[in-house]
Amino acid sequence: MRYSYYPGCSSEATAKANAHSIEGVAKALDVQLEEIPDWNCCGASVASGVVGDFTQLVVTARNLAIAETKGLDVVTGCSSCYMTLAVANKKFKQDEHFRAKANEALAAAGLNYNGTLQVRQFLDVIINDVGLDKVAQKVKKSLDGLTVAGYVGCQTVRALPFEFDDPEQPVFMDRLMEALGATAADFPMRARCCGSSSTIPARDIVLDLGYKIFESAVAGGAQVIVTPCPMCQLNLDAYQSLVNRKYGTNFNIPVLFFTQLMAVAFGLSLEDQAFKYSIVSPYEALVQYSK
Amino acid sequence: MVTPDKERAAEQAVPHSFKKKRGDNYFMEQKKIFSEPVKYDLTFAREIYRLENGSYIKQCMNCGLCTVSCATRDVMEYPPRQLFNLIKLGKKEEVLTSNTFWSCTSCCTCKARCPRGIPIIDVMHDLKKYAIEYGYTDYPQAAFYKAFWTEMSSRGKMFEGGMTARYFLTRGLDEIVKAMDMKDVGISMLKHGRMPLLPPKKIKGLGGLKKIISKAQELDRKEAAR
Amino acid sequence: MEKKIAVYICTGCGIGDALDIDALSKVAKGEFKVPICKTDGQLCGPEGVALIKQDIENDGVDTVVIAGCSARVNYDVFKFGSDKIVERVNLREQVIWCHTADDEDTQMLAEDYMRMGLVKQKNMNVPEPYHVESFSRNIMVLGGGLTGLTAALESAKAGYSTILVEKEAELGGYVGKMYKQVPMKPPFTDLEENCIPNLVKAVEDAGVKIYKSATVENTAGAPGMFDVTIKQDDGTVQERVGAIVLATGAKPYEADKLGHLGFGKFPNVITQSMFEEMAVAGTPEASKVAFIQCAGSRDQEHLPYCSAACCIESIKQALYVKEKNDEANVYVYYKDIRSNGQYEHFYMKAQQEGVVFVKGDVTEITEEDGKLTIEADDKTMGTTSLADEFDYVVLANGMVPTAALGDLMEEESTTDEAAAACDEPKASTPPIIKANLLNLVYRQGPELPALKYGFPDSHYICFPYETRRTGIYAAGVVRAPMDMLSAVEDGAGAAMKAIQCVEVTEKGEAVHPRSGDMSFPEFNMNRCTQCKRCTEECPFGAINEDEKGNPLPNPSRCRRCGTCMGACPERIISFKNYSVPMVGNMVKAIEMPEEDEEKPRILIFACDNDAIPALDMAGINHMQYNSWVRIIPLRCLGSLNLVWINDAMGRGFDGVLLMGCKHGDDYQCHFMKGSELAEIRLSKISETLDRLGLESERVRATTVSIMDYDKIPAMLDEFAADLEELGPNPMKDFQ
Amino acid sequence: MANKSILVVGGGISGITAALEAAEAGCEVFIVEKNSYLGGRVTQINQYFPKLCPPNCGLEINFQRIRNNPRVNFFTLAEVENISGQEGNFDVTVKINPRYVNENCTGCGKCVEACPVEIDNTFNYGMNKIKAIHLAHDFAFPMKYVIKADACKEAGCAGKCAEVCEYKAIEPDMQPKTMNLNVGAIVWATGWEPYDANKLSYYGFGRFKNVVTNVMMERMAAMNGPTGGKIVRPSDGKEIKSIAFLQCAGSRDENHLKACSSVCCLASLKHATYVREQYPDAEISIYYIDIRARGKYEDFFIKVQEEANITLIKGKAGEIEEDKTNGQLVVIAEDQEAQQVTRKSYDLVVLATGMAPTTATTTIPAEMLYDEDGFVVPGVGTAGIVAAGCVKNPLDVSSAVRDATAAALKAIQSTVRGQ
């Protein structure tokens, strides 16, 4: 299994744990990820608010155009990147007018994209290409006894509703956690927005949403929250203390990338498990599983 | 031009969800729109219809699903549905000074659910862009959006440190003071190796990217003029 | 000719275990001297059926009495040709499944049912069909609008000679005057060219005989032999036709009554049809137009109903405005947008074209310099809107069926003594509005009876073409408010029913709901007292009267419910296979235990359609009920003749219970008001009963629906308990 | 030589009507029905709006018409596999699936007592259990038992029912059969399926026990349904103090059923009457976009408002939250006329799920055209194949009957034209 890999800006900063664990897990599962050369920021959901959808999608498409020369489908580990890349990709595939116009813009840098690739979230690749059976086979240290809230977040499943999983109550993350031996928490907030893009300008929105997510996860018996999304991870991890301060709560629930838990269950290196980047410490919750 | 004062904007960011109680049931009052009769004037609406995704709002049938679906419904002044109605009523000032589109976090719930297939978040993006273009930028989000784009387009990649700095420079020191508890977050991020102090390298193809951007904007302008 | 009877008792399904079959056979062989009486372990099995067939072949059996399961099952197994009488004695569903096995009372019940079955077949004959003389297969369609043209075309395409009568000089009706029409097919988004010109051509090409500028002066006769007198400027012609489709359409609601919306006050406040006319002449260049929905409809002061078509018609007209001037501002003020079904796409299309929909009630319309201002509540914004500068305001003023336009027929005051004598409370009759459409030469009035708001609709959900005047089927907006798509289907549907009516009438069969029934009422006129009850009570207007008040039956109008038979105090009306003596003898065949045996008897007359299946269902579910009851199915409770009550009380029955369908506004009787009539009849004899020292509470009527089977045991127990309290019928001893 | 007979595919109210109308006009008709009984969807309905009368009443009349008419032939557990030929002369292959119970069945019911295997009762939308050998429902016509054979296999039952049957009616080895019919015209009336409420995940159907669909509500209100006609909460069988009806659960939705399903508003109003009859004090709310009580149904709308004392909330309900401690459901919606977002707690929520035509999933084995929701486009495609009822438009019962009556005439025309 070979893919073009789009790491996204956060992989080099706030979400290093994501990058490390994806790398480790991909290797363990024989998934070859080849980084798109000289990739650029996708613009997230923010750029279009300044320059408009079209410009944003063209900026995103630059990455697809580069990847297309290799002919490998594009995988990303970031939900926000996934959304912008996948939506742009769909537009290229379906909207002829858009494709022509976008290629006119891409041509300014000598690029062109024909819409021949698929854009995938890494979670999607694990579930649908690798398969849960193979994942289960790789488990060395079953996460038996661990209850995990599979927080898929919003953009992974809602950008293209139903194309990957149910947009409101996705189940694949739970199935994956079960394949690792863990128990999936009853967690109705699994795909609610955490408010990420408002973190800086309207922090209260984020704290409020975070509070609801923690409350739901804890009520479902979760000891750990996992997510495929760097924004979600950052918000829920770094701002957990502020939530506690604002609401007088004492949540202390580690928030990990799902790939980190896979790394634990696969018995991969501590570097692949990448716990050191966590602000809310996962060591206590995972002491009996992590080596 | 009406300028919403910063105080009010900040105040509205505080969730006041379902404070009122009636028996076991709660309700949340929406912002009262206006007491005097309104006229219908589609001049402004037509301007909005011409935006990239603007014409979709014509399809709204006032079902109100967006209102409920919104992650930030507790702080949004007008739910998307009402905002679309306001546009059709010609209430330009109310529309552009509202916090509605700035409160949108692009979580896509409304877009995924809208029974009329309106890509609501994309309309919100259009309105953000429109508001910035016409100088309705007093909400902190506007500064954030601009900072994000400037940072990204000047480097080809995102540098959070740079973006945050740009944001606070625009918003002024007040904002930093209010956000002093952010300091703790920053420190713990630093401690855990998640906040590089130096920006990432610019992409090699930055020149090309800039050309793409300016060409794209040019094409957009051309199409709008048509 | 003497019948050759054979009785077959099935011992399967537990019947043999629960009953003393020998004793049962003795009833047939001994009491009734039936020459052939056989038993079989599974009568419905191949061997059982062969047994019966053998006897038919070898011994010339022509009357088969099968004692086993209900007639609702194995009907196909026990079919031996139309010249054979097959009578089913229901030992399974109504005896052993709902009564204690091996029990004296159960055995008595079974034996009584055997007696009733045997008596019944003795009192019936194979019906011979009634044949109409100078029978016509032609179909007449009244009204040359969309529905009428469709009905005529569809009928002609099926190979029937068709006659179309239109009162205007041109065909096309309301739709014919439209500029364009709403979409009639997927994707349901685009305006369509008016279909009428093509439709008219197709009707002409199909060879439909067309009368224009023509009205119907009168319609006489009956299915298969309607004589319709058509009046044109140059005189009258008569056509004989087999069945009629009434498709005379609707008229817009009188806009003059909509002064509160500015009609009549301001010239630019217009109606939908006026706007249509303007559009035909070339849609006016307008920059701002408003459409006001429910202008008259859904308004208790005007038309309480919804006119069904206006929402999509206004959407269409809004698109006219946009078609002419893309920049025009178009608003639709509505209560609810009722673009049902795929018309949702049409609604969305109008929105995409920029039409703005405002949920709100219009409170005032004013005018200044020829421009109109609308004040309205904007309900989804919680505000009032005051929109001005309208060039036109178009009122969606709804529709009124042509059948509702006319004077209500006055109840004729009876001075006739005979009639007055037996005339107390009467069942409610639906009003007849003299709308000058059919001008029927019927005893019960010149038009189809009107349902609510004057629509001559069917009252039945399952049977929308159920008509109260056999052979005449209303279709399109005269029948009910509907959109064009529905009207087209409705025209075809009504044509189907008309054709079917012709086909079955030719064979002498009844139309729905007793489809296939060849029996019809025969009148022994010698004993008629001209009381007119039969003519009045016939729900289908099947019986006319001569000047003296003698009934003049029209068998092909008859629906075979037997209401006339029930109504007749002289008992002169009977069917070949259903008659007053038949049921009376069944009553008399039931053994009446002596008073000291303490075995009361309750007689139940039950409606064949709902109560009988409900009783069967109680059996299927093994619900146990009182075994004092003896059940006699009736075609309809309307056929209940009071003499049967006399017979029953005289025989010593302790109580009689009528089980009929629900009546009232939402009546369920498929013969309109059978159960209501039965109750009214009952009320007339209660006094007599009391006078005889027979408590009138012994005779009761109740309504059951087919779904009430769970209530039946309690219902019967309660009645039995009440009767026990009253004590035995004092008449028992006088037998 | 054209064939005068007509094949009607689907034995629901539309199919039965089309078949009977044609047969009573003199045509030979064949009904092919996939269930083990005739009557289709309406058999699962408790009462019809607006008269609140039981569908079995009309069905009884129609079955009576079938019983009395030698020109009506029907096949249950049957499906059309292939169609060839043209208008006036179609060759149709029909597969008849095994009932495992032969014509010897007397309907005595002994087998059911002996059967050890319980299965979900699909007639009641899985809300209760029945035996693997069963009568599909009380009014099943024909009244013949049927076996869900895969359940027997799964349970390893070797045929306890066959042992007790005195009439040798049970044939565990019964095989599917195919049959060929030559007909002049075909009426396609395979009806509709309730839209899959699982796809509306924001309403929690399947996750929250007390969220049910409108079709389930019909069974719950039916005296012979899973609760004996008592409307109670599925989670704990408790009585209802408050209930919400959510309109357009799937219909009028570009992501689901694009068309309006036409009947749901009236069905919910009818359900309000069911609830009111059982619970004089219960709070009944209907969340809606537009109440579509067209034509004379407006009277019913007014009557229910007056008599059932319902609360109408203009606003499509957005989300449902469940209180895990007591199964209460919180419905969040925008009450647009009050300018409020409301959170209201209910014991039971009923989703007014719409009508998906069966042709959205199983198309006609002939050249035909379908619209974006899968409804058959009339008047195009193979001549001589006429769509009737809810495969063509979402229709209420009365309109479906009207449509089927018209379809019968079109089919007759095909047999005339094909000559």
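Just a few scattered comments:
Each chain gets a letter, A, B, C and D, in the order it is written, and its residues are counted from 1.
Simple rule for what comes next: contacts are C-beta pairs under 8 Å (C-beta built on N, C-alpha and C of every residue); 3 or more make two chains touch, one makes a residue touch a chain.
Predicted, not measured: the structure shown is a model, and the values here were computed from it.
Just to note, of C-D and B-D, the chains joined by more C-beta pairs in contact are C-D. Among the other chains, C has the CA centre that is most remote from the centre of chain A.
Here the chain at the heart of the structure, going by C-alpha means, is D. Chain A and chain C have CA centres that are 64 Å apart. Chain B has its Cα centroid 23 Å from the Cα centroid of chain A.
Note: centroid distance chain B to chain D, computed from Cα atoms, is 46 Å. Residues of chain D in contact with at least two other chains: 202, 252, 255, 314, 336, 338-339. Counting partner chains per residue, chain A has residues 161, 167-168 touching two or more of them. Multi-chain contact residues of chain C, defined as those touching 2 or more other chains: 337, 359, 380, 382.
Two chains count as a pair here when they touch; such pairs are A-B, A-D, B-C, B-D, C-D.
Here chain D touches chain C in the complex through residues 13, 20-21, 24-26, 46, 48, 50-65, 67-70, 104, 106-108, 138-139, 142-143, 166-167, 222-224, 252, 258-262, 290-299, 302, 314, 336-339, 369, 371-373, 375, 377-379, 393-395, 397-399, 401-403, 405-406, 408-410, 412-413, 416-417, going by the rule given at the top.
Within the complex, the chain C residues that touch chain B are 329, 331, 337, 347-348, 351-354, 356-359, 375, 378, 380-388.
On the side of chain C, the complex with chain D involves touching residues 12-14, 41-42, 44-45, 69, 72-73, 75-76, 79, 154-155, 157-159, 185-188, 297-298, 304-308, 336-345, 359, 379-380, 382, 452-453, 455, 457, 459-465, 480-482, 485-486, 489-493, 495-497, 499-500, 503-504, 511-513, 515-516, 609-610, 613, 617, 620-621, 661-662, 666, 668, 670, 705-707, 710. Put simply, chain B touches chain A in their complex at residues 13-15, 17, 52-53, 71-72, 74-75, 102-103, 105-109, 111-112, 121-122, 124-126, 128-129, 132, 139-141, 143-146, 148-149, 152, 155-160, 164, 167, 179, 181-182, 184-185, 188-189, 192-196, 200, 203-205, 207-209, 211-217, 219-220, 223. On the side of chain D, the complex with chain B involves touching residues 202, 248, 252-256, 289, 314-319, 332-336, 338-345.
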